[in-house]
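Below is a structure I'd like to ask you about.
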Amino acid sequence: MNHTRQRHLLPLLNHATLILFALVLAGFGLLSPKFLTAANLSHLLVQASSTAVIGVGVTFVLLTAGVDLSIGSIMFVAAAVAGKLALGGAPLAVTLPAILGVGMVFGALNALLVTRLGILAFIATLGSLYVGRGFGLWLTQTRAMNLPDSFLTLGTVRLVGVPLPLVISGGVVAVAHIVLTRTPFGRQIYAVGNHLAAARKAGLNTRRLLATVYIFSGLCAAIGGILSLAQLGAVSPTFGTNREFTAIAAAVLGGTSLFGGRGGVFPGTVLGAVLIQSVENGLVILNADPYLYPLVTAGIIFLAVLIDSTRSRLMAHWGQRKIFV
Amino acid sequence: MNVAADTGSPSGSSRLTAALRSEYLVLFLCAGLFGGLAPFTPGLASTDNFLGLFGNLAPLLLVALGQTLVLIVGGIDLSVTSIIALTSVVGALVMNRDTGWLAGSGAAAPVAIGVMLVLGGLIGAGNGLAVTKLRMPAFMVTLTALMFFSGLAIWLTQSKNIGNLPTAFTELGSRPALALPLAALIAGLVHLLLERSLYGRWLRACGFNARTAHVSGVPVEAVVIATYVASGVLAAAASVLYTGRLETGSPVLGQRILLDVIGATVLGGTSLFGGKGRVSWTFFGVLFLSLLDNALNLLGLSHFTIMMVKGGVILLAALLDTARTRWFNA
Amino acid sequence: MSPLLQFESVGKAFLGVDVLKAVSFGVAPGRIVGLVGENGAGKSTLMNLLGGNLRPDTGSMQFQGAPYAPRDSRDARRAGIGFVHQELNLFTNLDLAENLFLSDFPTRGGLIRRRELHRRASALLQRVGLGLPTTTVVSRLSTGERQLLEVARALSFDARLLILDEPTTSLSVPERERLFALVRQLRAEGRSLIYISHTLGDVLDLADELVVLRDGAVVGQGPACQFSSDRLVALMVGRELKQLFPQRQRPRLPNSAECLAAPAGLPLLEVRGLGQPGVVQDISFTLHRGEVLGVSGLMGAGRTELARILFGLDPHAAGTMTLAGPPLTGPPRERIRRGLALLTESRRDDGLCLEASVADNLALVTVGRHARSPLGLLRFAGLRAALGKVRAAVRLQPRLTDEQAVQTLSGGNQQKVVLAKWLLAEPQVLLLDEPTRGIDVGAKFEIYQLIHQLADRGAGVVVISSELEELTGLCDRILVMNRGRITGEFSRDNFDSARILQAALPT
Amino acid sequence: MKKLKAYFCRLLAVLALLTLAGCGKSDTGASGAGTSTAVPASGSLTLGVAFETLQTEYWVAGYEAIKAEAAARGFKVVEAVADNDANRQFEQVRSFITRRVDGIILVPKDASTCLPMIKAANAASIPIVLFNRPAAKSEAKSVAVVADNFALTRTTVDYLIGQAKATGGKRKAMVLIGDLGDINAVGRRDGFDAAVKAAGDSLEVVARVPTEWNQEKAQAGVVNALQANPDISFIFTSSDFLLPGIVSALKGAGKYHRVGEAGHVVLGGFDGDATAWQMLKEGYLDATGVQDVYFEAKQSVQAIVDLRAGKPVAEVILDPGFVIHQGNAKEKAAQMWGANVKRK
């Protein structure tokens, strides 16, 4: 009797985030016919693309049992540099690589602090959060910048009918997914997150591995910055603030553990990012009371995490190794 | 690494220096910061400034102490700032002299403080229950609590601040002569709890290894829940001081101090992985960050310079700490 | 023949304490060198030097005729030295194949060639006799299976020298035999091995040459045939140990009728029809006052699981337990109050708080007796007195301070701390799961003595062990478990290793 | 260990560079306040300027205007930004008092949390002027130089509604609301609501987008609202700094047209920043409510000078502000700060 119940429940719980996501979509769809239109869903994905990309970056870091709090600041610095260059007349072909470079340099700074100087990731990236934000504010002199239209076209142009931000984020996700699941480097990330000392003993270059992960996170933050920028067309002094929390929330919603070694970018983090965005999107479409936004968003995220932890609890309960049949 | 089995303890004098270094490094950093900046910083060494500094530090210390307990048990509490905001407006709703439920009553201030502390404790209990009974990750539980209760605070007041609080209440936060001894008393109690009580022993054991603690008969779930409750109550106590000081119940009170709270705690030496932490360490961490902020304000540097210097100094302190651990405990 | 590996007066000190003092010996090609010594004798440090985790202060190493100074484990691996570590270094979130080839996946164009990976992996697993699908995630493996996987991993590349550090602590008898056959086969292929173990019988059986370490120095060295078990023990501890097991006045056996009157033979723990689907089935036995009851069986026979159920850590679907009369129920906390104690299989996972101090670990179970309420202040004088007494009782070396972190202690001392923690609770029934795993001869003897003392005081002791010799030496009665059931019961006067083993083997 | 030391040095160098870069630049802003003595030369005053935030262009412009005004009078300025944190602001005001500045210009977080700060300044007999936001009523003494967010928004929206009515039909409207924890945002929201209410049923508000003063949220919200209600033809933003996101969303939906063109969405804002000026000039923006930053800055500094001289100063100095729109753009341009700040 127990087994039949298991058989029904387990697939449900295994795809909890997916099901909750479907429920959220269905709920909003029922409340407003305008929600489930192709055009709106496409907007939704475009809006989620930036969160998805920075979520992918932080997923890598979380998998190694680290954390990156400097994502928002890196986005800001990258955007500030982009603004400076673009307003100075530099073409996109110069600006874009420069932004990516900025992201990687900041990622490398985190990597240096964490791997070479042995500072806790939390403190190291907290420090870069302040340094990065201050540096960006100095660059912009706390002024807002409006970017030339060439940037906006990045956000609206379509490639074979697919909006460019989706192509970019899709590309990042695909590459990240393949790296995590199909390459030695990806599997080694999981190993490092599971047992760092053992990974070292197994002959892995853990320092280089960790460094790569932080640099990758910086790179993703920069790409995420570009994606946001391409939709906004402007940089304000608050650009990117608190985005690290959204990114971490997306990753954790997608099933990535904060203690390392468990999780993935697809469907995990991507689903988390889209779920967060669909709540925001749906509430706007419903013209909900602005005061309700944080309450509803918090409630749905809580529910998703609750379902996930219930799943692990039941799995642990049911999956207790039977030593004989 | 299993390298130095039974190598015994180092000799007496080197142990002394090692202990000095490990316990008081951050305090030395504070002294260094102060000594280094005082000549260039007008007013840094004045009595007024000290009173102000410790007035600022007191509520931050209370929140950070709650955070210390939670970090020792191996969790994290991101919801403290929302507890500060929510208790601030609820307390103000109870006692303000215009529309409060107890407007004009002499009992308004004590009742309001009681309500604030209980509310903080309840939110903490909610966090604790979700973490233990539902086995949800503390980071996410308290992150959603942060979003939810911040939103709730703003919704409750429809964005408005609630002023005109009873003088009895505002005195508490604004008079250093009241606030400082109170904070010191609470810190002392937490210290006793942590170092000298059964709860403190249990707390550390749960943080080091919850499975061992469970097998050894420690009521792990109760300890964890109690710890989140303590964090909630301490955040509410900080809210009493903050609210009193600003003479206003504000739904965005404390919104920006989260990273300072966790940063100061970890900087002091409390481990994010559980088990390790002390009241004195956290005090040093809070003192360091407050002193840094204070000095940077007094220097009159620009906004972004302050941010960069702050980030740099946090990194430097962490770096010293790491280097010290490597050099002396290698 | 020039040696494959040569240590030349290698020395190493930590914080001014010499851990290795001018150690010199060589390993010839195609030979098995047994390395024995008590915990803390310097074996681990020596192996850490070899593996590149540490660097020698003095002296040098030579490998294949060239100076050998590895900077990290990758260098060791590149040179052709493979390790099977005592503490398992596996990744529980990855599958078997990934664990085996983590640092050299077969790839094409940067991507892992999965089919090739699993083909190679299953070939390797076959060699060590681990018949599991290569896609099994390691977290679902038992300790014994993990140990075999660890061995397989050391074979995943073409190592000239293999170091096996306590590779058999969790293996069943057939698994162990299979491993020994593999070791001999490797030697036949011309590889060299260093075999480290506390199980002296195994070492004498396998090794061609022996090296004995004591206090960081080589105190004995030569062909295996020159050593006997007694001589090895004498060299290791620096004195003559007369016996491996302490003598004891046995209580009368419970199954004879007249013993029921004697207080020592009164039933203490009674288990009737205990069952949990897929774990244990129809377990019934009685533990008497003053009795040491052994539980034997293969890995996965349900022994650890039985102990966990008795202690209230795992649920059970059927049956009852009573302790000195009233039923035994509730969480561990409740059962500890009733006088139950459990020394768990793994010190690291649920036996100790490794980063906490010796004193905190010792006091963990009983600290509540020194406070009026959880928030009340502790009475330190009483606590300190109790700790001092129990430290003396388990003979914890005085040089180990109360403030020292437990993780800096050797395995034997760690186990003494766990045992002492429970002794403080003055338990009526002690459940000991592998109480001497991975600890040295001297400490083992002391732990056996403590078990006897407890029993003499009227407590009942259940000892779960994979070492049959230990059970026959220590216990009054032995239960044998097989696939979750009790399949045999032997009293001391008819202990027969062959028959016990027979009962443990699957039919 | 040698290695460690080397990296230690390397990091120090990096940090030092960063810090130097920051300090070197900041001197232009803070005029080396760190090393100057607190005692001013005769006739020269040191002003403490505490802003709650510099996150929008408006505050930066206000800050620049105060500095320019102070420089013109030969005063020194010490700055502090509280990053939306009332407590931090209190600490900053206290440090001004500790430094013994000659006057404080404060942009408070809100009406009530600034009361203890004013009291502290009163106690130290340092004149304090509130810039752009008033304090709640109390016995504490201060001067407030303010524009009325509610009234000015209402006038602006009234104008917009007039425009909408002129072009006929019943319109669907969207409003972008600021951070609900910010009194200015709430004042502007209430001004908008009051104007809409007065306009009767000619305007239906179908989308209220909470932005938390965050451009990304604003942009996403506008896109989503346009998705839900493609027939929205009236947009009001509580701050001009959100305009770029609106423009990008309108362009995406093919609804970005000049005033007078077919399909034009009536567009209005508040603040009067450079983006708004540009859009006004190009004919895309209908109107924006402008606070007169220069007036407010001049009055603030003057108030401190007067207070120090013991002259009577009104408790509230009102910045009338004005609505700039297609009709009056040229004549009002000189007063609009957004038309005068140099674009970056």
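Order of writing sets the chain letters: A, B, C and D. Residues in each chain are counted from 1.
Throughout what follows, contacts are C-beta pairs under 8 Å (C-beta built on N, C-alpha and C of every residue); 3 or more make two chains touch, one makes a residue touch a chain.
Because the structure is predicted, anything quoted here is derived from the model rather than measured.
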| item | value |
| --- | --- |
| Shortest walk length in steps over touching chains, chain C through to chain D | 2 |
| Intersection of contact partners for chain B and chain C | A |
| Greatest separation from chain A - chain, by CA centre | C |
| Pair joined by more contacting C-beta pairs (A-C or A-B) | A-B |
| Chain A and chain C, separation of their C-alpha mean positions in angstrom | 44 |
| Rounded Å distance between chain A and chain B, as computed from the means of their C-alpha atoms | 29 |
| CA centroid of chain B to CA centroid of chain D, Å | 33 |
| Shared interface positions of chain D, touching two or more other chains | 4, 8, 11, 18, 22, 25-26, 54, 180 |
| Sites on chain B at which at least two other chains make contact | 1, 154, 302-305, 308-309, 312, 315, 319, 323, 326 |
| Where chain C touches two or more other chains at once, by residue number | 53 |
| Full enumeration of touching chain pairs | A-B, A-C, A-D, B-C, B-D |
| Chain C residues within the chain B interface of the complex | 14-17, 19, 39-40, 44-45, 48, 53-54, 87, 311, 313, 332-333, 336-337, 342, 344, 349-356, 360, 363-365, 367-368, 370-371, 373-378, 380, 397, 399-401, 403-404, 408-410, 413, 421 |
| Chain C contact footprint on chain A (complex, rising order) | 178, 182-184, 187-188, 190-191, 193-195, 197-205, 261-262, 319-325 |
| Chain B residues touching chain C - in the complex, by the definition given at the top | 1-11, 192-193, 196-199, 201-202, 204-205, 208-209, 211-219, 275-276 |
| Complex contacts: residues of chain A adjacent to chain D | 32, 34-35, 37, 39-40, 43-44, 47, 50, 87, 109, 112-113, 116-117, 131, 134-135, 137-138, 140-146, 152, 155-156, 228, 231-234, 236-239, 241, 277, 280-281, 284-287, 289-291, 293 |
| List of chain D residues in touch with chain A within their complex | 4, 7-8, 10-11, 14, 18, 21-22, 25-26, 54-57, 60, 177, 180, 206-210, 213-217, 219-221, 223-225, 227-229, 241, 244-245, 247-248, 251-252, 273, 275, 344 |
